[in-house]
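Input: a single structure, listed below in structure tokens.
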Amino acid sequence: MKLHEYQAKQLLARAGIPIPDGRLATTADEAERAARAIGASVAVKAQVHVGGRGKAGGIRIAKTPAEARDAAKAILGLEIKGLRVEKVYVERAADVDRELYLGITLDRDRRRPVVMLSTVGGMDIEQVAATDPDKIARGWPSPLLGLLPFEARALAFEAGVPEPQRDAVADIARKLFTVYVQTDASLVEINPLFVQKDRSLLAGDAKLDVDDNALYRQPELAKLKEISRDEEAEEKARALGFSYVQLDGDVGIIGNGAGLVMSTLDAVKLAGGRAANFLDVGGGAKEEVVRNALEIVLANPRVRSVLINIFGGITRGDEVAKGILAVIATHPPRVPLVIRLSGTEAEAGRKLLASAPLESRETMDDAAKEAVRLAKEPVRV
Amino acid sequence: MSVLLDRNTRVVVQGLGREGSFHAARMKEYGTKVVGATKPGKGGTTQEGVPLFDTMAQAVDATDANTSIVFVPAPFAMDAMLEAIDAGIDLVIAITEGIPVADMLKVAAVLETSGTTLVGPNGPGAITPGQAKVGIMPAENFSPGGIGFVSRSGTLTYEIADLLTRAGLGQSTCIGVGGDPVVGLPTPDAVRLLNEDPATEAIVIVGEIGGSAEEHAAEYLRAEGKKPAVAFIAGRSAPPGKRMGHAGAIVSGNQGTAESKVRAFEEAGIPVANAPSEIPDLVKQALRR
Amino acid sequence: MKLHEYQAKQLLARAGIPIPDGRLATTADEAERAARAIGASVAVKAQVHVGGRGKAGGIRIAKTPAEARDAAKAILGLEIKGLRVEKVYVERAADVDRELYLGITLDRDRRRPVVMLSTVGGMDIEQVAATDPDKIARGWPSPLLGLLPFEARALAFEAGVPEPQRDAVADIARKLFTVYVQTDASLVEINPLFVQKDRSLLAGDAKLDVDDNALYRQPELAKLKEISRDEEAEEKARALGFSYVQLDGDVGIIGNGAGLVMSTLDAVKLAGGRAANFLDVGGGAKEEVVRNALEIVLANPRVRSVLINIFGGITRGDEVAKGILAVIATHPPRVPLVIRLSGTEAEAGRKLLASAPLESRETMDDAAKEAVRLAKEPVRV
Amino acid sequence: MSVLLDRNTRVVVQGLGREGSFHAARMKEYGTKVVGATKPGKGGTTQEGVPLFDTMAQAVDATDANTSIVFVPAPFAMDAMLEAIDAGIDLVIAITEGIPVADMLKVAAVLETSGTTLVGPNGPGAITPGQAKVGIMPAENFSPGGIGFVSRSGTLTYEIADLLTRAGLGQSTCIGVGGDPVVGLPTPDAVRLLNEDPATEAIVIVGEIGGSAEEHAAEYLRAEGKKPAVAFIAGRSAPPGKRMGHAGAIVSGNQGTAESKVRAFEEAGIPVANAPSEIPDLVKQALRR
């Protein structure tokens, strides 16, 4: 789950990391008042859950409250990568000398958190990692001990942070690690970390993603969840226990298990088609689950056929078949269905479906071919 | 011979709820020695023929168990795994999904200095066909033989085991390493076990986009591979930047893409199947060489 | 550093451990008001930094506010093991069914904290440990992971805590461990931990000692420090960087290093005398240090001779000698001094002291004999 | 031969403040190879002839140091010890006193899975007379020889070393294990090192009231002692229930009393001196047997 910059910064401030004076605004009026209260040049920044808002015109500098008003007017309502800006963060402009990068995320290979520090701040760190890996100092603190002072110090030395800021940067790194642990973050980042002309440090931007699996024990953060229109379908699916990702093809996909669903997508592509979505129903799918899954997939107007690929383990083929039959009986789908059942009770399931108005196939490849063929047929009326 | 589990495997079930007891029964049917289960407060009683214990330490003392399987819900799974490790269990197989990464990092840190092997979490478990099944896989798709099989995916494992079995390619041991970003026995380590197992004639590696476990497995086999291997990567059609399900398959930058993984295997001389259905033929060709 | 029961209980409550409703009182009036506010039978309990207050009459049950007033009147001003009671804690009386013991301290051998749980509560746990060790369940959690749920559960099973309280006791044990860690405690104890007739749990008494070495990072706890008249000399010595313990003999002892000072005490005893105190000046003693140490030792009216035993390491013999000479010159001591200097610059020190009005000896044994002999001589006028 | 330190000992000083630089100079005078010191921000410069480094890792890389001595103040001592352990130092000697017990418990937990030996904290360090001194002891009291010497006390160590030296009993290695409740190398472990050291002919153990390290050392020697030993316990006259100084010598219950320790040694056939001055004769008698 992603937090907005202003939310992440509040968490940083609570941990003792310096942030600029800032206020949230949802109208141009509020933005003007915020700028007046701050009493200095401000940055007016779109609060949206996507990167690259600067290039998209989502950040403007305003020297006066009136300018802040105009900036907010220009930014509010803007669409950035499909997301409408509904809030801006009005923040005292920093007196920037240099920009650093500081971030913490998971290193899957080492099975440890990795703390990254670089004097090449303000850039896309993945770009830097790809082109200039030596510019990023990395440390892998033990999850049992946290980021120790000597580790933070070593990072600051390795990154080449100069003397006046070295200890302060190491200190911020340790505080940021505390935030990472306490918020169950999957990513926390200060980029840029400003070095101001008076040598003080200030978090220029902040990014914080929370591990969705840990939200149950982060009630305060869970409340910050916001769902954009784009994410509504995914969110609805998640509430039902599904994983759903909308894609741009026309073959709707339902399956159980992430790997199997991904393979199904691959099979559709191999068959010359394009998947409309990824939908993993998880384990133990029964009638209601099948109905809900079909509903989500068919809500996408681009879908022209649906491929259901179930390999039974926990999930039983006969239960899935009953679900499909019930759905067909009560809400006949607007597009053709292709079913492929295998594994636990698959035979029983296939028998149940024998006379139903749908295509059944024995293998994933055959089912994918059929679904792709059907998606290309003229629309039935 | 086999790896991780065999006829001497003695399993304690941690979390004998609805799912746990269903699969405990399936494991027993398969012939796995399910010697006990933990259910705090019910120690000394039995449930469906399985002796219950208050703690893992008691269960191990009483039954000489060497393996456990974890079904407890995600918020309690770290505790269950650490209890099993503390009780000196050799092999812990965690089925539970949705465990916070922070919990798994702690478990991984404890594993570093323990003698326990953890398989999972968020995987189907492991099976040595004909000897022992400690997991939730439908047993009928598996058959004894010489193919060592490592997979990051659950249902895809059943699918591919079924294809192998139908093609007459029985399996030595199948290890579902689990789909989470942090797992106890990552793909390269599982591959190493099979590479060193005399009973394994060929290795099938089923990977997914995200992470670099497949790349590392390929590197390892390139340097130390003793037997033919075949790979498959799920998610080759996934658009970059999209997160596909709980598997943690996040594609970002140049790392973890299907292309990177396919290239790594090809550079190691390991053929990569385009679809699961191609795997059996590729294995047969590899064995013939 | 010891906390009072009421202070320890506030820390427990903050960690979510149930405690009875209670109020502090320093007068009988306040105690009466407290009992009225509580509106039930209360226990009026002396707040002093010693054990065994119950047997000394420091705890009384009061059924009415008037009785609470009388109880407080009786307890306030009481001397318990030499300590005057200046505060009482008025606490709602529990409806006790059974008493458990729960405590956490350091296990030096295992170099881990040890959590102890027993159904034999309310007793001196050391007594139980000596006579009935099997009645105490023990667990040694990792300082890096804390007391894990399974460990707390195993303790509750091992101690034989019955079903209705088992989970709650395990939960309290985990919370108490958090208190232990967060307060840098050297000991934290709930004894008795009441099981009430309604099956709920309640901390009957609470003890919390804080690691003195950690007080620098426990500012909130450091503020709770109270020094009894008995402890004043120790406290004054501690403020000067010394370790000081008053004993009941007549040979004052000053030395550097705990082991050396203890051996000096032993040597005095072997020579047939009795030490008046233990005083370790630590490392690097100079003039002012020697003066301060002598002042503390001589403030004890029982002292009839003083033995100064310095083995130089960091401490330099010549510096010590200069300190002694300066003290003799400005504040001639009221009793004879015996000096034994060895180690770094000891020869230089002995030369400096050659003509001073004091006895100098080469060995600890000889110095001890001389100090004992002098203490037995008639007092000089 | 000797234990812990010898002519190949290469020391980095952690904390080159007033005390640290004083003792670094004394160690160099003694002939100890003081190859560097850490002083964050001063890396690349030197102080009184000692090369300075920003981090322990850099110091080890540049100097091949195998030992460190910690003088940093108590609030930073845990970090310094963990940095040395992390840098792969074989022997860390911590002089610092007043370290919170909680910090030492963490260090002890990390030591369990590291290859580092920690001596101290709150001790005088260790010395192999004639070869290397890594500590704050006055060198003139020590002389080379065959007596292995373990002590929980600082100044008492100097006192007894002086007595031994005057009696012509030189020392193989003297280890001041430190007076805190939690130390890196407790008395029994130090005794074991000396017991297994071919250069050590006899062992002198200087204990204190409090804890049960002496009892454990006695038990160990009773079972596995290869050479004569003599013991001394400081604090035999201490009244029960009184805390004597920072040494953590707390007498409570039946544990840790002088009587218990004396009894343990006597049961192991190890004579116990009544005063330090008796030690040399007891050692000579023990060597004669």
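Per-chain residue numbering starts at 1, and chain names A, B, C and D are given in the order in which the chains are listed.
Just so we're on the same page, contacts are C-beta pairs under 8 Å (C-beta built on N, C-alpha and C of every residue); 3 or more make two chains touch, one makes a residue touch a chain.
Just so it is clear, the structure is predicted and the values come from calculations on it, not from any experiment.
*Asks:* Compare the CA centroid of chain D with every other chain's and tell me the farthest one.
*Replies:* When every chain centre is compared against chain D, the largest gap points to A.
*Asks:* Between A-D and A-B, name the chain pair that shares the greater number of C-beta pairs in contact.
*Replies:* A-B
*Asks:* Determine the centre-to-centre distance between chain A and chain C, using the mean Cα coordinates as centres, and give it in whole Å.
*Replies:* A distance of 55 Å separates the two centres.
*Asks:* Could you state the distance in Å from the CA-based centre of chain A to that of chain B?
*Replies:* 27
*Asks:* Can you compute the centre-to-centre distance for chain B and chain D, using the mean CA position of each chain? Integer Å is fine.
*Replies:* That gives a centre separation of 48 Å.
*Asks:* So which bits of chain B are touching at least two other chains?
*Replies:* Expected reply: 106.
*Asks:* Which positions in chain A are in touch with at least two other chains?
*Replies:* 144-145
*Asks:* Hey, which residues of chain D end up touching chain A in the complex?
*Replies:* 40-41, 43, 54-57, 76, 79-80, 82-83, 86, 106, 110
*Asks:* For chain A, which residues are in contact with chain D within the complex?
*Replies:* 145, 148-151, 153-154, 157, 163, 166
*Asks:* What does chain C use to touch chain A in their complex?
*Replies:* Within the complex, chain C touches chain A at residues 144-145.
*Asks:* In the complex of these two chains, what residues of chain C are touching chain D?
*Replies:* 106, 108-109, 111-113, 126, 129-130, 142-144, 181, 184, 186, 211, 213-214, 216-217, 243, 245, 247, 255-263, 265-270, 275, 278, 280, 283, 311-314, 342-344, 363-365
*Asks:* Where on chain B does chain A make contact in their complex?
*Replies:* Touching chain A: residues 19, 74-75, 98-102, 104-106, 108-109, 124, 136-138, 141, 151-159, 162, 179, 181-182, 206, 208-209, 211-213, 216, 234-239, 242-247, 249, 252-254, 274-277 of chain B.
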